[in-house]
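Letters are used for the chains, namely A, B, C and D, taken in the order the chains are written, and counting of residues starts over at 1 for each.
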Amino acid sequence: MDEPLIILNFKTYREVEGARAMELARICERVASETGITIAVCPPAIELSRIASEVEIPVLSQHADISRSDPRTGSVTIPGIKATGAVGTLINHSERRLNLADIEDLVRGCREAGLVSIVCTNNVSTSLAAALTGPDYIAMEPPELIGGDISVTSADPGIVKGTVVGISRVSPEVKVLTGAGVKTGEDVRVALELGTVGVLLASGVVKASDPGKALISLCSGISK
Amino acid sequence: MDEPLIILNFKTYREVEGARAMELARICERVASETGITIAVCPPAIELSRIASEVEIPVLSQHADISRSDPRTGSVTIPGIKATGAVGTLINHSERRLNLADIEDLVRGCREAGLVSIVCTNNVSTSLAAALTGPDYIAMEPPELIGGDISVTSADPGIVKGTVVGISRVSPEVKVLTGAGVKTGEDVRVALELGTVGVLLASGVVKASDPGKALISLCSGISK
Amino acid sequence: MDEPLIILNFKTYREVEGARAMELARICERVASETGITIAVCPPAIELSRIASEVEIPVLSQHADISRSDPRTGSVTIPGIKATGAVGTLINHSERRLNLADIEDLVRGCREAGLVSIVCTNNVSTSLAAALTGPDYIAMEPPELIGGDISVTSADPGIVKGTVVGISRVSPEVKVLTGAGVKTGEDVRVALELGTVGVLLASGVVKASDPGKALISLCSGISK
Amino acid sequence: MDEPLIILNFKTYREVEGARAMELARICERVASETGITIAVCPPAIELSRIASEVEIPVLSQHADISRSDPRTGSVTIPGIKATGAVGTLINHSERRLNLADIEDLVRGCREAGLVSIVCTNNVSTSLAAALTGPDYIAMEPPELIGGDISVTSADPGIVKGTVVGISRVSPEVKVLTGAGVKTGEDVRVALELGTVGVLLASGVVKASDPGKALISLCSGISK
């Protein structure tokens, strides 16, 4: 995925049930095309294959359970994600936390499958720890700011900076995304200024009265 | 769903990754059409919407996490399942067990959403307990027989009979399905003879060298 | 355990850490002796053996993980509880919910070990379901009332009555306890009047400025 | 705790139920006294307080759930462990894995409470990740070797060495313990030679016909 990038986590909001997930993915596709900025989407699990097979922008799974094709009813596997045409997955989102051994196994599974891995973390210390498992990205999201109106870049720029600097020391090939509370183009601009390569957000677009307009506003924080 | 019925759980076998899930669903659709027997399919979570939107046979989710449209990254919600066009969901499969409060909440959520609920259980006692939460079906599957070559109808017909009789006493409107190890038309015939209204199976068809042939063989146990 | 009975769940409040757990157990022992009423205690897991080996009143575990003596680091086993001298265990407390198969297995494990089993539930439907696994007691505690100041007997006497009547139909040998929000002797009196054989409570005594006085007040609701 | 050290995880084996836990702790105490070598014990959760209050050797919890004194029925808290007189806890044992955020929170909780934290891990990559959360010790135990007869020091000395070297680079103040399959004095000797400061073991002593003799044999691998 080209950077800087905006990753939109659809979560399981009412606004993205059924056909509305595809509609939002199409809006993202259109804004990405108009602005030239990378916008990736994480639809609800049960919409993944359908959306991955139809849109031209990068599609990511919200979660993975296991790295292999084992029969596990109700689970999401790395080879299954790969086979949908999705390009990667979030791992360890704060609403779906995983144990450390599984995080490491899933990151390795992504690498072997040629999928992008984005490990979500909650503070500087867990970000550095997760970075040592070797994912492509760390998305740092203090849980108290998720779904709120204040971006982590305003509430506590120090922990974003601390994560970027810390990871550059222990695992320099891992890139950092800013999560939690991102709402405006200014939030995106500051996120990039702090050394992260993009943002991961949800409610700011999914719950917006005009998601396309909200996305364009976010894109305005990225100078092309 | 008309009864008797055959429910095919695709699990997350390698054989049903990506486009192969749709191929297997199409085979089920064809055999259902040819035989006139109800065949429902449970594709992997990430293939659910795509398959539900394309095939004419009943499609079920393998699992549900929550009954409402709450934002929960990586989860499967009842309203989300409904919105895909799927007609119901398995709940509490032995590979994805749920706590009792969640089983009851999900069964109620299915009822309110107009979805079919099938609660999987592991023995007579848990079957009767689960029946009291009011699902449409109980699918009794002794875990030691799942994925094996011996049907529960051969290994222990008494526990199938015990489940049917017990449920008819405590919650007579709940119907029973036979699970675990079903492989042949004879297994299906005995399952119906024991008072269950159909079967829930996975490997017997998914791993078969010719899934269509395996399905036709199963259907032969049902007299039309 | 003789009935009516008062069961005090110590939870893991600061007030019951270390030696304070024993002090509270001693207070319960004294009030039980003075009033002639059965008072059972559920100390924190890590205090169980110490308290069970020293007090004369019934001691229960707050939780059990597995029914057998399998090596499982950090878990609580039924044989392990038995060996401490405790007389039983809570199962499926709302703060430590278990899947249905485990509830059933633990209830059976208690029966085989000669331990009292108390399954905690959250509404009428789950109470009836859990009763069919055959425990000695069901303790019905609507989670929204736990830790609060309004007893379930005041907030919703209908669900207590509904649980008692429902269980008497489906599994008449199972007795019912009233949980959630019990604070006063009057709460206890109403709990017994509604057909339950006792109460399960925590904060009303553990957080009281004078736990002995709080217990005596509760006992006043029981006529001897 | 003085090093080198031997940590004995009692798990929940039948051999350590009830009074037998104290007997084994006394044997450890005697051998520690006779040999002058540090032997720490991790009794079953429900025996923790009793043993911590009676023996003179270091006692550790097998597990912790939360870092604060929140009311959580059936859980083990850091302040609760501290109040028993135990000196620390295992965290994230492979039989009780925790999510990354909880590992980090518990390690910090131990530090603030003055407790020793030992995070168990399953390979080099998770060891380095866990080390960045700042525990006192990492105990690396490949799960496939746990409970077996071949020590990790024989089966794969490279991953022990890799863990020691890797941690010395990213988090040099964190010490490493060798786990999984340790049985003999020679295993202990090699564990120390590879740069770890001690061993964590269970079945080799708990299941031994003569645990005292097994311990003395282990101690023979440590030159005083």
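Convention: a contact is a pair of C-beta atoms (placed from the backbone, for glycine too) under 8 Å apart; a residue touches a chain by one contact, two chains touch by 3 or more.
All of these numbers come straight from a predicted model, not from anything done at the bench.
Of all chains, the one whose Cα centroid sits at the greatest distance from that of chain A is C.
Of all residue numbers used where chain B meets chain C, over half belong to both copies. The two sides are thus made of the same residues. Per-chain Cα centroids separate chain A from chain B by 33 Å.
Separating the CA-averaged centres of chain A and chain D is a span of 37 Å.
Work out the mean CA point of chain A and of chain C, and you get 44 Å between them. Under the contact definition stated at the top, the residues of chain A that touch 2 or more other chains are 94. Contact residues on chain A toward chain B in their complex (touch as defined above): 9, 11-14, 17-21, 42, 44-50, 53, 61-63, 66, 69-77, 79-85, 90, 93-96, 147, 202-203.
Taken in their complex, chain A has these residues touching chain D: 92, 94, 97-104, 108, 121-123, 125-126, 128-130, 132-134, 170.
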